[in-house]
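The following pair of complexes shares a single chain, chain A, combined with chain B in the former and chain C in the latter.
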Partner chain A sequence: MMASRFALLAFLALLAGCKREEREARLAPPIAEAQGAVLVMPNGISGRPHDVIAAQGDAFRNNAYQLSQGKRLFEWFNCQGCHADGGGASGPALMNGWWRYGPDPVSIFLSIRDGRPNGMPPYRDKLTTEQIWQLTGYLQTLGASTASLASTSRNDAMHSRPAENRAPAQAGHTTRPSP
Partner chain B sequence: MNTARLPHLFLLLPLAGCSGWQSALDPRGSTAEELHGLFWLFTITCTAVWGAVLLVLAAALWRRRHPAGISEAQQARSERRSGVAIGAAVAATVVIITGLTFASYLATRGIAEEHPEALTIRVRGYQWWWEVLYADSAPHRAFLTANELHLPVGRPVRLELATADVIHSFWVPNLAGKQDMIPGRENVLVFTPREPGTYRAQCAEFCGIQHAHMALRIVVEAPADFERWREAQIAEAAPPMTPEEEAGRQVMESKACGACHTVRGTAAAGTLGPDLTHVGGRQTIAAGMLPTTRGSLAAWIADPQTVKPGNNMPMVPLTAEELQAVSAYLARLR
Partner chain C sequence: MTRPPEDRDLRDTALDTGQEPDALERRLARIWRTPPGLVNALSTVDHKIIGRRYIVTAFVFLALGGVLAMLMRLQLAQPESRFLSPDLYNQVFTIHGANMMFLFAVPVMEAMAIYFVPLLVGTRNIAFPRLGAFSYWVYLFGGSMLWIAFILQMGPDVGWFAYVPLAGPQYSSGKRADIWAQMITFTEISALAVAIEIVVTVLKQRAPGMSLDRIPLVVWAWLVMAFMIIMAMPAVVTASSMLILDRLVGTHFFNPAEGGDVLLWQHLFWFFGHPEVYIIFLPAVGMISTMLPAFVRRPIFGYLPLVMALLTMGLLSFGLWVHHMFTTGLPRLGESFFTASSMAIAVPAGVQIFCWLATIWLGRPAFRVPFLFILAFFFTFVLGGMTGVMVASVPLDTQVHDTYFVVAHFHYVLVGGAVFPLLGAIYYWFPKITGRMMSERIGRWVAGLLFLGFNFTFFPMHILGLQGMTRRIYAYPAEMGWGGMNLFVSLCSVAMAAGFLLFFIDIFRSARHGEPAGDNPWEASTLEWATSSPPPPYNFVRIPVVTSASPLWDEKGSLPVVSGLAVNRRELLITGMGNATPEVRETSPQNSIWPFFAAIATSVMLVASIFTPWAVVWGAIPLTITLIGWFWPRGTPEDDS
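Right after this comes the complex of A and B.
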């Protein structure tokens, strides 16, 4: 009797493995629009994302599919051209934990969408709001100092920096860079 | 009708796949003909061997056993006879396998053969569409297109197969066998289309969520028709004719469209998605998803993730007017 109950419990526990990460390929247009409605401080730095982001469980930070899309966009839209592999070139490094315009997601979102005065071009007309959030989520994992359960896949080629699924991502980059 | 016959009719159903525009059993190209011959050689030989084995098995089961006490001389004779039979079977196996190996060597020999007059085309697999580059020694005569190959009948074609992301496989059953497209290398496939017609190719290596919707059309046509098509493709995009089409061109250039797509002759110069310079002239959009019409273009642009979930084109927010205009413009780009 006892044994069969135990077996049943074990079976139920196995079922938990059936849960699969959601891949939301199609965002309802009103949600996509709301995602662009960020509240910004007057100086264009830091602010508050729209509530839909939290209502969706912060998918851009916690969902491996969303992060992977961000990683692809980083390559496809040639962010490397100026930021290298996140390590910085003519543009600043994005993985050392130092952000010229602050570390919060809204600042990063705004840097990408509207551009920044010292040479960061705006991507407003090239990317959709959802894509800009995907990039934002991905950039946040680059500079994260704590591990996260969700991560993109590794590169096929050799990594020039710690792979995204290693934690903490910014190990060895903790001193402030000279400006 | 007798219901007991029904299952037999179902057995006949798969035969319907033996001909048509995507069938290896209906060869219309050099390599496909070789493979077709090979297929039947293997099928007939193996069927004959199988039949012979069954016959021998039946004979062995059928034969009466020797009565218990046979003489030593009889026993020696029967052992000699079974030795001969086994020897013959082994020899036949060696001959048949060697023969089939040689036949398949002969049939596949031409897959990467060089022909000086061959037409060279680079096909690159993307998740989930095909980029097609018609190379030319004069750079301004090279052009990009997508999801549709045009080939002149009777002229050898050399396909250089590559991929931009994961492993894909190029397979147009009526014309040639499968050839994989592998990251970091280029595979070559050479064949000669023998009969005009439209054939369907399909990615034959699972490559992600929309693998099943990664189709390619191959139009084999008379050399004169091919040259006409080629000249039209080399030309820049047709200019907009109406104010609506002009507005469509502006949408193409100023919205996110132009960040990923090129329309030669306009400011849209992205390289991430298919080249749209002559998209209105292609038979289908989105790698065989929909026939090309103004309506299907509008449906696709309005909501690509419902038509082909998971594909890499985002839903770009457009007003109804912008959507009307851009689909009118694209339908014009023949």
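Right after this comes the complex of A and C.
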């Protein structure tokens, strides 16, 4: 009896927590390489990620550790310099749901990797493919209207907006994008 | 419902007609028993059944934590080992520590109290027994949550004291730290519930005549422990709730940039954490004070100094938490004060040691297994106490902080100071719980293996720490030169593991095939040995009257007893706090399934609140329903009287 109840509990917890917390310190080289093999539309916008991303359970969106790494990279590589805390400054805002090159992960991935006209520099020589994906995943939680359970929490710093797990982050901002 | 008037208040005196010799026993058994069946098993409020479950569960957690310890020793046995990944190692040492402290050491001391306090003070059941049932289920669910999370790779990985900012929202992603914080909440709730029960049972339910100077020393220790739980635990509940709020809702308790304070965590945690060490330690020394007379055949030497030592240690332990924080940059005066107070606690500890030595000196020792564990305790604990005085001094602590020296120190005081006495107590009281003796022969092997295995495992860690090996590292380069000693430590830990394995084998074997024990196999002097082994559901046919501190020795054969208690409902005797003069007959609650439901509602609410703050709002509804069910009057004789 006790055992079966535990089994049920364990199963429910499994459903909730499946793969959200896995961490791998060092990616196997073939997987790392495959992550970079993105099929891109000719105009450089949108495309299809390699199957390995889905095979890993879309970890860059669902895994808490990957998202937190993305958040850390956002700070370390001074994304705030142009995009502020996501509200946008000299660069566009990242949390109002308006993406110049489309909201899909591949477009965001390409923007970071290859850069975009009018100021966005390419990061392919500064970040590994895995790190670019981590950043991509994190950026998507910035503009999310509802937080996922894996979303990152606040930083130990001054705050200009609610943290990603308190989405929508733009609740405190009234500026709308000008189409 | 109308009953004939004599049935409404049938006293045991009315059954003294002599026609049926065991009429009283049969009536009491019918009133107090736990009927067979699953629902009844979940509803029982018998302190012996709940206590037994509590003890068994705690020892299961001990075994699980031991497995983790062996995994760590396997990893550290050689340099640059790749047996465990760094991430898994972080979870393993965190869960080993949290499990041993929060799911084994503290609960097992409470568990022993739940089982033995009512027997030792001579009453029929613990006070608020439904709270005890609730406490057990909350503890079980909280412990299961931690281990299920570990299986799901959601195990906490921030160390057993989860310092911020590492455990805070920025540096600890996912729900791992929240699992730790909520596991704390579970164990706090269950501990507070038990503490209230112990305080009330000891102060108001003692057998008539058991004045304050006749209380068995282990009961004194449990009383001090219970007060310490009540005063210490709220600090850590506050801290862990703040941590969860910081992580989930984005409050700023520990965020210096927004006016919070990182060190606040360490203060709150250690204000609880240091007393916690004594919450574990005091019952253990109480057990020694109570067991010792049975093995040296004389009453304990220095009853009054021993009680004063317990009270002093309980009090002092609240004034030295900052010695865990010597390296955080304290003002000089703070360092000096907490060094002094930390060293001062060696005084009452020393008083105890000398009282025990005097007791042994003046007695005729019988070297049975529990006594061997007491001797193992002396040697090991005194060594741990010595290193304790060493790390209480700031310059030395600054040098060895967070090294294996500290790991060795706290294992010496916790295993030496608490686990050895506890294992002795298990050997001592096992016959009372099961009615069968544990094996003397295997017991000697267990004591020997554990004593030697422990010392050879942990003593070299002092040296490793002085050589600079920091705690919690998952691997070390061969050039450090720690490989040989680590291999030695790992090999010796196998001996210790073998000792524990043998202990568990002995438990299983003896529970079925042990020699029948009889009521008082050690010819001990305290009240629990006055009843049968295992005790009947009502503990004592008639509540005994106590005339001395060693009732079974001073009243050869026939204890004076109380008569006049009702036998048609659960009833026990309330006595005065000081002199235990009888005050009033009081009913004791019947079995109820509601504490189990309330524990489920509490657990669901606490687990869900890891994921959303709304769980507290919606979870309050089922919790309220279960509490209404719990307290709803049912027209039982207990409710009516």
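Methods note: the second predicted complex is superposed on the first by the 149 of 179 C-alpha atoms of A that agree within 3 Å, B and C clash if a C-alpha of one lies under 4 Å from a C-alpha of the other, contacts with A are read in each partner's own complex, and residues count from 1 in each chain.
Note that in this section a contact is a pair of C-beta atoms (placed from the backbone, for glycine too) under 8 Å apart; a residue touches a chain by one contact, two chains touch by 3 or more.
Everything numeric here is computed off the predicted structure, so don't read it as measured data.
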{"item": "Partner chain(s) touched by A:W76 [first = chain B, second = chain C, both, neither]", "value": "first"}
{"item": "Contacts of A:E33 with chain B and chain C, given as first, second, both or neither", "value": "first"}
{"item": "First (chain B), second (chain C), both or neither touched by A:K126", "value": "first"}
{"item": "If touched residues of chain A are counted for chain B and for chain C, the larger one", "value": "C"}
{"item": "Chain B versus chain C as contact partner of A:S68, first or second or both or neither", "value": "second"}
{"item": "First (chain B), second (chain C), both or neither touched by A:D156", "value": "both"}
{"item": "Chain B versus chain C as contact partner of A:A25, first or second or both or neither", "value": "both"}
{"item": "Common interface positions of chain A, toward chain B and toward chain C", "value": "23, 25, 156"}
{"item": "Chain A - residues contacting chain C, complex", "value": "1, 6, 9-10, 13-14, 16-18, 20-23, 25, 64-65, 67-69, 149-150, 152-159, 162-163, 165-166"}
{"item": "Sites on chain C touched by chain A in the complex", "value": "38, 85-87, 144-145, 148-149, 151-154, 165, 168-170, 173-176, 246-250, 252, 254-258, 611"}
{"item": "Touching residues (chain side chain B, partner chain A) in the complex", "value": "183, 254-256, 259, 272, 303, 305-306, 309-312, 314-317"}
{"item": "In the complex with chain B, residue positions of chain A that touch it", "value": "23, 25-27, 29, 32-33, 72, 76-77, 125-128, 130-131, 156"}
